[in-house]
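After this come two complexes, each holding chain A, first together with chain B and then together with chain C.
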Partner chain A sequence: MEITWQTIAFAAFAVMTLGGGLMVVISRNLWHSALFLMLSFFGTSGLFVLLVAPFLAAVQVLVYIGAIAILVLFAIMLTRRMMGLEETQNTQWPAAAAVAVILFIILVITVSPLVDEKAVTDIFGDKVANFNANLPVDPDAKDSGVVANQDLNIVTVEAIGEALVTRDGFVLPFELASILLTAALIGAIVVAREDEA
Partner chain B sequence: MVPLWFYLVVSAALFAIGAYGALARRNAIAIVMSVELMLNAANINLVAFWRYLNPFEINGQIFAAFVFIVAAAEAAVGLALIIAIYRSRQTVIVEDVNMLKW
Partner chain C sequence: MFSTPTFDELNIWAALPMMALAFGTCILLVADLFIPKDKKVYTAVLAGIGLGVSLLIALLQASGVEIGDKSTAFEGIFVVDQFTHVVNVISLMAGIIGIMVSYDYLERTGTERGEFYTLILFSTLGAMLMGSSRNLVMIFIALELLSIPLYILSGFRRPMLESEESAMKYFLLGAFSSGFLVYGIALIYGATGSFELVNVWQTAVDILEGEGAGQFTLLIGIAMVLIALGFKVGAVPFHMWQPDVYQGAPTPVTAFMSVTAKTGGFAAMLRVLVTGLAVVSASQGKAIDVWQDSVQVIAVLTLILGNFVAITQTDLKRMLAYSSIAHGGYILIAIAAGGTFGVGDSSAQAALVYLMAYTFTNIGAFAVVIALERNERNTITLNDTKGLAQHSPLLAAAMTIFMLSLTGVPLTAGFIGKFFVFKAALEANLEVLAVIGVLGSVVSAYYYLRIIVNMYMIEGDAHPVADKQPLALRSALWLTAMGTLILGILPYIMTDLARDVTLAIVGR
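Moving on, here comes the complex of A and B:
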């Protein structure tokens, strides 16, 4: 595989995602953890851009960095006495590290058959080949049969919005998600507010 | 183009990091952050498989969008619970919150 700008961008965003994630779990200062969490979210957003999912990348920045990370920062400030803990990891951290490493190894072993790019089509059937038969594939990756980025213009925000509200699309999950968000909103207010009798 | 397994390995690594954080951190807010990392890892996986295997259906992106929704709800309720616990027990260390432990 030759080194292209895409590869370099992928490496940069992957380092951002994983480095940020690692600092979240090992940083002693909780405030720094939250800031590294933002970095990790931003790296994920970059990966979404590379995967030609610009809508999800924008939502990632808005929802994760703009809402969830800010919510975490507020929670840290509201519990500020807990920020400077002497011990940030509990006594079972070696076991936790072992579990994480074993999990990673198992996942990598599961993924390893896909290293051969032709195997992707073999494992997942002819679906990929059928879909892409009439379309020009990415010239950088002829063997893999992956569609080139510029042929993906059909997946627009409009298409996503339509899929969310059409009957043979996702209208039921969409409404359920609305109920879930409303319940979460009310639940969060009820749980977190002060009892004034 | 970057092969599919690059994304899958990054996602696996991010998930393992999040799992370590959820198991080893003492501060409940740090645990919530680790869970968010794991949700992010799952999302990278969903979008990568969508892009490489079935890019002309938007199902993969919709799945990822629903993960966003669940993550937002989870963060809101989780942090509200942590703040409520802090108010009644003056701690967010999960080992000290053992009222329900027999």
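Moving on, here comes the complex of A and C:
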């Protein structure tokens, strides 16, 4: 296997993702955990770039780092007692670790048959490839909706946008998601509102 | 490339019950702002009207009036068939009765807020959508729309600790199970390349019969979806949340969610398993067993644990929680039957008939608990039912009807439900499962009949409950009790509705 810049980038992002994730669970300071979580998110977004999914990478940065992780940090800052915690809170960590390892093994067994040799060489080689190209896709499947640029296998933002609003795409789930968000918003108000007694 | 489709192209009218309910919910949300705090009865009435209009349309559709084409809407992502109609009718009935039993409770406990009704409507909409989607993405969003309002409703009686605890437990475990669902959907998509259940069904044969990659992926995906939906309906071993949540949540919410969450969960389970994954080998002309064995095991565990643990309960709400776990087991028997080639449709019919009977009976039983709770107490133990027949004979009579129906005694709706479930199991050659089901009923008779004995034969240490309940609660009691009896005596009302239900793609 020749070493190209993709290989180096992949290794770097993989270390970021996994190392960050590991530090989230073993770090004793909650604040540090939250920061490592951001690092892990960033690594994931880098992996999306390598998989030629620029839109997902951008969403990952904007939503997960920009919104969710920041919210976590705010929540920690606002609950003052949690800032200084140093002792291990989770007494069941060996069991949790065992479950995580088992899940990892299952996932490897699950996903590995889908990744054939060619896809791997394509990614680590100099050709730009996409996992999707190697999946058994039913040509008649209307629902995939996403129109890929065949030459480069890049799913453009336009294609994703169109899939969300065209009638043979995901227009109904898209609309339903707004109803769902409304319901969640009302719920948040009900839960958080002070009683006007 | 991009053109705006017309309403007719989308076949939007076929989805009229859902559209009407979604629209009605939005109106209710705004209208509630203008209703003063001491007049929330108007919000309840408006919510009831919204559900009623939707129910009317659903009933028209269910009885064969064609509103829009009787096929699919939104280009196949949304299915409008008899199954959809019946699920709509069940969910809407549950919503209406749920509101009827709620109003007085909210007023009495000082938790009267307009959002309660909005959330009930949202949740009902979610249950309806779970029955009408043949697309995994839709099923996920519908499940969330069903669940999120329920998490909040469970905690509606804050700052009561039990209620908050119930909401917190339900929310955390529910979010965890949603993760399973998404993971499962992703793996199924990875293996088959489609979210559309019909496409999944077509590709699954090749994957399972051939050497093709992704066999393991597909199976793990199915397992994860099964776990997530099993959690939603409270099947053993994913039932741990149910007793605590049912006990802690405000009683009308428990009544509503014990039916609605099960309706939505089982509807989605039937769609995914019977339509999408009842894989038929073309060469052998019979079903490839993908999930039937696992569902059988889950059904047996659910029946045994639900029925036996219910015996040991002293708190009435908690007993009903375990009993409702057990009733999930009977519906799982029906679903397991759907894995046999050619039984898919009768399995769906049996499950729907059972759900219809269960809707009236179970909400009714909880309505009696609500009536007993009016006596300024929050926990009703089995001792509190002692001597009930003396000071409130009507309430005791209603409770008797519900208990008999939950046991499955003839001339009640519960019997009809059980009859169809066992019939489906026998059609599918699952005799052992049917026998375990019958034995489960026998065990359940012990704790259901004990309440009847308490009410009629044992002198109570009288905490008299007025027989005269507030109007809404009284009507709900009458409606559910009469419904349970009428459906038991004239079963064709519900069996006619369910008769045309077809789910399986082949093998009719």
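We take it that the second predicted complex is superposed on the first by the 145 of 197 C-alpha atoms of A that agree within 3 Å, B and C clash if a C-alpha of one lies under 4 Å from a C-alpha of the other, contacts with A are read in each partner's own complex, and residues count from 1 in each chain.
Going forward, a residue touches a chain if its C-beta (ideal position, glycine included) is under 8 Å from a C-beta of that chain, and two chains touch if they have at least 3 such contacts.
Everything numeric in this text was worked out from a predicted model, so none of it was measured.
Residue contacts after overlaying the shared chain place A:L35 against neither chain B nor chain C. In the superposition on chain A, A:I179 contacts chain C only, with no contact to chain B. Ranking chain B and chain C by residues of chain A touched puts B first.
In the superposition on chain A, A:A58 contacts neither chain B nor chain C. Contacts of A:V49 after superposition: neither chain B nor chain C is touched.
Touch criterion met: A:T166 reaches chain C, while chain B stays clear of it.
Shared-chain residue A:E194: touches chain B; no touch with chain C. In the superposed model, A:L71 makes contact with chain B only, not with chain C.
Once the two complexes are overlaid on the shared chain, A:V111 sits against chain B and chain C alike. Contacts of A:V24 after superposition on the shared chain: chain B is touched, whereas chain C is not.
Residues 111, 114, 138, 140-141, 144, 170, 173, 177, 180, 183-184, 187, 189, 191 of chain A are contacted both by chain B in one complex and by chain C in the other.
Per the touch definition, chain B reaches chain A in the complex via residues 1-10, 12-21, 23-27, 29-30, 32-34, 36-37, 40, 43-44, 47-48, 50-56, 58-59, 61-62, 64-66, 68-77, 79-84, 86-87, 90-95.
Across the complex, chain C meets chain A through its residues 1-2, 5, 9-10, 22, 25, 29, 74-78, 113, 115, 118-119, 122, 125, 129, 135, 137-138, 141-142, 144-145, 148-149, 151-152, 155-156, 158, 187, 190-196, 199, 202-203, 207, 212-217, 220.
Note for the complex: chain A touches chain C at residues 106, 109-111, 113-114, 116, 135-138, 140-144, 162, 165-168, 170-173, 176-177, 179-180, 182-184, 186-187, 189-191. Residue ranges of chain A in contact with chain B, taken from their complex: 1, 4, 6-7, 10, 14, 17-18, 21-22, 24-25, 30, 33-34, 37, 40-41, 44, 47-48, 50-53, 55-56, 59-60, 63-64, 67-68, 71-72, 74-76, 78-79, 81-82, 85, 87-90, 92-93, 95-97, 99-101, 103-104, 107-108, 111-112, 114-115, 117, 120, 124, 127-128, 131, 138, 140-141, 144, 146-147, 149, 152, 154-155, 159-160, 163-164, 170, 173, 177, 180-181, 183-185, 187-189, 191-192, 194.
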